[in-house]
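Below is a structure I'd like to ask you about.
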Amino acid sequence: MITTLLYSLTGLILFGMGLFTLIIHSHPLRKILAINVMASGVFLILIATAYTPLGQGEIDPVPHAMVLTGIVVSVSVTALALILACRVQETSNRTLRKKTKQPKNTKGPKS
Amino acid sequence: MNSGQLLLLSILLSSFIPGIIIFCLPEENHRLRTLLNLCGSIVKISLILVMNVGIYYGHVFEIRIPLIPGVELLLNGDPLSALFATLSSVLWLLTTIYAVGYLEGSPNRSHFFGYFSLCVTVTIGIALAGNLVTFLLFYEMLTLTTYPLVIHRGTEKSLRAGRNYLIYAFGGGAVFLVAVVWLQTIVGPMDFSAAGFSPSYIDSHGPVLSLIFCLLIIGVGVKAALVPLHGWLPQAMVAPAPVSALLHAVAVVKAGAFGIIRIVLDVFGAQNLLLLGVLPLLAGVATVTILYGSVRALQQDDLKKRLAYSTISQVSYIALGMSMVDQPLAVIGGLVHLVHQGLMKITLFFCAGNLAETLGIHRISEMRGVARRMPLTMAAFSIAALGMIGIPPTVGFISKWYLGLGGLAAGNWWLLLVLVVSSLLNAWYFLPILIKAWFGKQQGEWPAEIAIGRFETRLMLLVPPLVTAVIVLVAGLVANAQISPLAWVRFIVQGYTL
Amino acid sequence: MIFLADSPSWMITPVILPLIAGLLCFLFSRRTFVIALITALINLFVACLLIYQLLVFGTIRYYIGGWRPPIGISLRTDGPALLMLLMTAVTGLAITLYARGYFSYRIADPVRGSRHQHQQRYFWPLWMLLLAGLNGLFLSGDIFNLYVTLELIGISAASLAALSGKPASQRASFRYLLISLLGSLTYLLGIVFFYRTCGVLDLGVLQNTAINEPGIRAALALLTVGLLLKTALVPLHFWLPPAHANALAPVSVILSALVVKGSFYLLFRFWFELFAPIVTTSALNFMGTLGAIAILWGGIQAIRQQRLKLMVAYSTVSQLGYLFIAFPLSRTLTGVPVWSAVIFIALTHACAKSAMFMAAGNVYLHLGHDRIRNLDGVRASLPITVFAYGIAGVSLMGLPPSGAFIAKWMLLTSSIDSSQWWWALVIMAGSLLAMVYVFRVMSHFFVIPKRESLKETTPLSPLLEWPALILALIALFLSLLAPWLLHILSQGSTGLAQLFPGGLP
Amino acid sequence: MTPVALETIIHALILSSTAGIPLIMAALCCTPLKTRVIGLLPWATVPALFVALTAPSDVVVEVGWFFMGGRMGLDGTGKIFLSLAAFVWLLASFSSRSLLKHDHNQVRFHLFFLTAMAGNFGLILAQGIFGYYLFFAMMSFAAYGLVIHKGNKEALSVGRLYLLLVMIGEVALFTALIILVHSSGSLALADVARVPYHPLTFVLLFIGFGIKIGALPFHGWVMPAYQATPPPAAAVLAGAMVNAGILGWLRFLPIGHISCPQGAMLFIVMGALAAVYGVIVGLRQKQAGAVLGGSSISQMGLITVIFGLGLFDQAAGVHAVPILTLYVVHHSLAKSSLFFGYDLIVRQGRTLSHLQLVAILLPALALAGLPFTSGAITKTGFKELALSLGEPWSGLSAFFLPLTAIATTVLMLHFVAVLRRSVKNAKADGTANPILFTLSCIAVAGTLWLWPAASNFANDSLAGIKLLQGLWPVATGCVLFLVWDRISFTTELVGDNRKRQTGFDTIICLLSRLQEKEEQKPQQERLVLFLHRLVPNLRRAEKIMGRWKVVGLSYITLCLCLLFLLL
Amino acid sequence: MKKGKKIKKQTRNRRRPFDGLQALFLFLVFCLITLLGAILSNSPRTVSGLAGAVASLQDQSGVESPVTAVLLNFRGYDTLLEVMVLLLAVIGVWSLAKAPFPTPETDISPVQMGVVRLLAPVMCLVAAYLVWQGSHLAGGAFQGGAILGAAGVLLLVSELPWLHAIPVYVLRIGLVLGPLVFVGTALSCLFLTGTLLAYPKGTAGWLILLIETACALSIGLTLALLFGGGRPESDVPGGDSP
């Protein structure tokens, strides 16, 4: 039980940290990352929810499926958000156009 | 759907359909447009006459469309609605003729006549409304359909006027809606009926009902231009003359007055109102309006504005009559003034429009000797103005007479004073106009004279005011006959146990 | 069997059909409009069919894959869901037609035609998938499935919002996406709390296991905040006006008329159906207060806008407030349950706001700008558009016989009945504000311009003007359909019926 | 159709033709037939004359549909008034037709002339209050057209005053009628007049009709109006229309049927004051018409006194009615005759011949009560009435009547003097026709002597002592006039009428202050301005709400609030 | 410019000793987290969740792995929509930008080329294995797809010239393949059994594998194209980048 709680609380704290960063930091990339951190927090809680100590019954697969779905959604949205952020950067500051062609990390949240 | 319902529906559609068709007509097709308008109005008048006969012989005309429990649309032909419907339709015909002449050659006519027809449809709807919800529906629609007419000129000034008109009208509508809802939560859904709601509610909800009454009166008082809710009316004078005529004589102001009548007679009922004791309030407001409107009218040099303030003052006679709802005579006076004021005021506005259109005269100070140039117009104007003052045998006298008698019967001596002062004020602001026009000497050229054929102005501009002026006279002269506004109003009042 | 009108399988059509259409639209670059149009038509037909089924059989549940809850996902029809579905279908059909007209007009532009070709290329699949998401949202009976549909809606909406390619629209869209994500994550956190406490995800099952635990309450709070973010209730509305106003005209219509309704619909279901037993009066009042603030704030902001589309967008902010005013009034038992007012407002707003945004789009197409100050004389050149705008405005103001009037009537009745007159004041103030902002523009339409300043433009196709007019007319005469709509509403929403022992109409 | 009904219809037609024919002719004045109509002007009075002379008494015809219930008929008093009016109008119409032949406003004038005539006849025939009120109003307003006919500044200004007073009179009458109808519940004159009176009614009726006859506080219009009006019109104003006021009193306050001592006092005091005051202001006038106006005020004052005496009790009332009628006839004939004389002399444009001087002195001194004139007869009647009332009032005959006789003599002599002077400025226009004046003089001289009802007063007035009593005031008057004439011409009193007009004008000016107020800016503008000032703040607020930090705060706050509220 | 300013401003903010709003926000976040944490810890899970239900129906699902059973059978509808979300992301990205592919004329270093040649097939194999394994162990379409995607990224990074030769319709078909197969299967289930996604008896395992394979391909392609960051040049004929 304590394991679940520990992971859950960690997830919550991640959520809070992400939220804080999302609001306080104005750089789009940071915001996107913050969202991903928040998502990770939520997934962590979900996984923790599914946890059952060994031998006390089956592990609940539904939260796992949910997390998997959530991750996919998160990946898609992150990709879209990154492209959008780039476009915003490009169009609002054409002089920076060339610099913004940085590699786009779509794998971040999956690891 | 029985024949009665069909009749009601076709009364509404007889102007609605032409209106819609007119919207779709190209601007140049004025012949067809005029034809449509005239056919529509003649059909409407005949249908309404048929309905009147039916109502007189006790037929029931009713369309009921339930919306949600407690809210239903109800169209109902009763003597009172017949009165207003007849007035509106007859004056619509005349105003249409007038408007065709007035707007000859001006832009956006299909637009104008389209809204014009819708406006009349809505006015008839107000007349036929059988409960407060339906009344509210058409009341709000009226604002909408008249708004494009008010701002038809499209100038900065007219837009401002339109804006104020909207603010006032929708503000009133909002108050009205709240009051209607409130009333319904207390007394339940009710149709207009002669008795009003059950007096048992008075004991339980007396103060609230008084408040609701005030709110309702405020709601319709905006359109009836009760002081201090009258501000929009003089500004709305920027509209073309037929619109002013329509606004002031038929549609908007009268809708407000008609609303007061409905609220007093058919929603609350005489007995309830006496128990509530709110009538003095209405009487007070009406009195203030009558006097204030007259005094303000005095201060205007712009002819239409003077007429507008005069409207403010005159329409309150109706409210004044309603404030003595327990006196049949006063009620007769108030009701019949609905018709009489309409006839007189529309004549005045027609004439003012003629002056403006033919000679470019907008101000009273420019009117010296104008009667020599336009004797027929000014004759019509004079008859109507004398009627406003209350000189017999015009219809204006009849209204005042009944109001006075009713006031005395109610023991309101001050009412006589009000009538006296108001008559004097009316005379004071109308007679100088007549004197200037008939006995003044023309000074210089007219501001903007246009040469028009055989008559003093276009025939279509000349006929409507003459017809209404003749009606003003004849309706007064034959007031006691079997068929006259007064007779119909007496018939209405018979239906109420006051 | 499955092709018969009685078959419950029709229920999946509104979801699956647009999905396939979206795929096909993406796959083929030609005839996309035909695909979309056929889809919209079938969608409308199916919505009607489902309503017929509802009236005949009552609520139907559809277990996808044959797995019953709690393990499977179920779809179900009831009055509110089907009305929203119908609303989406009708509006969707109009939007499809309008979008066709819009893109044809833009593509015909010799200078920038190609860019619009590109926009059209992606518009159709996005729009179809969005439609699928919305339909899925309305029909779904599973709280996690709702999350997925919300995401479907959110991503396609954000993509659509950015479609115009203008920097402003992309900035707005980025913000919209972030907020939408924040909302989704909050919602997901809510689901976590939920699942922890209840152990199920199906709404129907949840209803029966309404436990009085803090977890479930926290879940409601989190779900609500997440959905509020997506619904753009003041003070979380800031993303909406720029996103809606800077999008392409058909997209503005979609966003304003449909997308915000989706998340609100969920809120509505949660508060009045699922969590109704645990909802406290103070929370209802809180929501109502937010709604009241939204009405006033949105209205005031709409009045001061200089651009037509921004004004219409702020009008949406204001109108959304009405939906929340119904919350505190829902506890009073009058003849008709107050929550049906919400449906009426939503329906009216969907139709009217679509018409308004279409009209605004037409004005933009015609003039090349939408600065309110310079809208003089549009009436003469675009009579139908202006008429549609006017009628839509009237419906937004809640004048009879629009559907909003019925709603306002119900709200007023219950606010007076329960002596909460302040809501009545706010409602009336809101309609007056609406009057001001609607007619502020209207009066400009009516100005007769001093000189012939309007440049010659190609006339707008009927596809651009008539959908607007027809939607506006639907909004205006919605109250005449009220008995019928109420009848549908009363069908089968068992949870609602339990909540209101005073009786359904 | 039964014979009775047929008879009623015929009666109705005949009766209504008295007012109807002039009205129709007035209407025809607006058509191209106007010159022909004006040529037929005198014929407009013929139906009235015919009815007055032939109609059976006490025929009442109901015309229910008309206005608000019409009822007309002719009783004894009405007959006298109708014949008198018809006669005066007949002479005046001849006169005006010739006088205004070349006036470019003649059509307008005759339009009003005919309308006023119709009103005058109609009100006499009216037996219902509405009929009376209707025709009274018609007459009053039409007379406005006569008053301002000349169109100069004086005429317009007096016209304004006249109109103001007419309006006041109208509303006073309206109020009185409403009160009467309210308390009686009937619309017939005969019923209305028999209900107990409210003091207010007295005052209102006094005002309503008093304005027409120029009773004291409302006399301001009389002198300038008589002066400004063309003489034929002045003749009908003074000789026929004034009587409408008297008839109004008789109709609505039927002396002999009612009594009201307080009301009587009002009438007597105001009448007596007017009798003296009229002479005083008349003497200060420098124009013949105005002097005659003064005389009218004075004479009407006397009539008011008679009326007041009749109000004391019913017996006195019964006694007073014939005397009142006599006085009215006498005054109307004499006054119109004076106007015709004035008209004639002005038109012929040369100094008075001796014959003319004598002829014009006849009606003039008849007003003063010279023996052997109609004035003597009426004075005799007056005295008898006063004596019959007992102590306080019998003193009237001894003191007051001679005083007014002296005063009237002075005034009349002043009139002749003014007339002689004004002739010097006049030009002959060749339309002078002595026949009308002669006819009217004959009427003055003969009517009352041939009047059956007046025969006993006529006989009384021939008694020696009466002759003496009638003669000395006239003689005294002559002497006084000679003295006063000398003084007035040395001091050159300035005509006062202008000043009084300005007095009224100041009132009007004061009231007009209201009119000249500038249009205020509507309040809504202020509201809009206020909103405009708010706009920048609103924009800033909206911007702040869009900041991420604020968004975050509101997000968190919302979360916490909902959590707390739901937990 | 605005962004640049904001960044500068932010750096200045960091130096500033105290920002009230920020502190307040931090405090509130803390409160929220504490509150939620308290709720979490105070309401220990009393309900067992759906583990038991899934376990009892595991036999009928056609797969051995409970997660796969939930994903593709019990809650297959969710997954269907989720696949759509992925596709949507691609459509969104394509609608936003053109792919910033480097111009193909630069030379590729042989080392890099070698690595690619070595790794890419291996990754494909691994992916195939993962998909296969999904029926009884952890793994499945998403995992396989991710590996495939990584392989795609590798190819993209190595800037192989033949990548540009791939016609865009192939890409589109590849993208749509997974969802289309999924929907197609669902619909054919509907026609066969009368219920959407109700696999006919005994075919569940194979159908799931079919779906997983198609989806893995599409997911891989999707992820790679998302990395590409925009649409290929030729997607819209004559299309001009916004």
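Per-chain numbering from 1; labels A, B, C, D and E assigned in written order.
Definition applied: a contact is a pair of C-beta atoms (placed from the backbone, for glycine too) under 8 Å apart; a residue touches a chain by one contact, two chains touch by 3 or more.
Just so we're clear, the structure is a prediction, and the values are computed from it rather than from any experiment.
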Fill in: For chain E, the least number of touch steps when starting out from chain D
1
Worksheet entry | Fewest touching-chain hops separating chain C from chain E | 1
Worksheet entry | Set of chains whose contacts include both chain D and chain C | A, B, E
Practice prompt. Taking each chain's centre as the mean of its C-alpha atoms, give the chain farthest from chain C.
Written response: D
Worksheet item: Which chain wins if you rank chains by how close their C-alpha centre is to the centre of all protein C-alpha atoms?
Response: B
Discussion item. Between A-C and A-D, which chain pair is linked by the larger number of C-beta contacts?
Written reply: A-C
Worksheet item: Using the average of all C-alpha atoms in each chain as its centre, how far is it in Å between chain B and chain C?
Response: 42
Discussion item. Nearest whole angstrom, what separates the Cα centre of chain A from the Cα centre of chain B?
Written reply: 68
Discussion item. Need the CA-centroid distance for the pair chain B / chain E, whole Å please.
Written reply: 70
Worksheet item: How many angstrom between the C-alpha centroids of chain D and chain B?
Response: 37
Item to complete: Give the residues of chain A that touch two or more other chains, as numbers and ranges in rising order.
Response: 15, 19, 22-24, 26, 28, 45, 49, 62-63, 69, 73, 76-77, 80, 84, 87-88, 92
Discussion item. Can you pull out the residues of chain B that are in contact with at least two other chains?
Written reply: 167
Worksheet item: Multi-chain contacts in chain C: which residues touch at least two other chains?
Response: 144, 148, 151, 155, 158-159, 162, 170, 182, 189, 195-196, 201, 214, 218
Worksheet item: Chain pairs in touch?
Response: A-C, A-D, A-E, B-C, B-D, C-D, C-E, D-E
Worksheet item: Any idea which chain C residues touch chain E in the complex?
Response: 1-2, 9, 12, 16, 19-20, 22-23, 26-27, 29, 62-67, 70-73, 114-115, 117-119, 121-122, 125-126, 129, 132-133, 136, 142, 144-145, 148-149, 151-152, 155-156, 158-159, 162-165, 170, 189, 193, 195-201, 213-215, 218
Discussion item. Can you tell me which positions in chain B touch chain D when the two form their complex?
Written reply: 164, 167, 231, 235, 295, 298-300, 375, 379, 386, 389-393, 398, 400-401, 404-405, 408-409, 416, 419-420, 423-424, 427-428, 431, 435, 438-439, 441, 476-482, 486
Item to complete: Provide the residue numbers of chain A that touch chain C in the complex, in ascending order.
Response: 15, 19, 22, 28, 31-32, 35, 38-39, 42, 45-46, 49, 62-63, 66, 69-70, 73, 76-77, 80-81, 84-85, 87-88, 91-92
Fill in: Residues of chain C touching chain D in the complex
179, 182, 186, 214, 217-218, 220-222, 224-225, 228-229, 234-239, 278-280, 282-283, 286, 290, 300-301, 303-304
Response to the item:
Seen from chain C, its contact residues with chain A in the complex are 144, 148, 151, 154-155, 158-159, 162, 167, 170-171, 173-174, 177-178, 181-182, 184-185, 188-189, 191-192, 195-196, 201
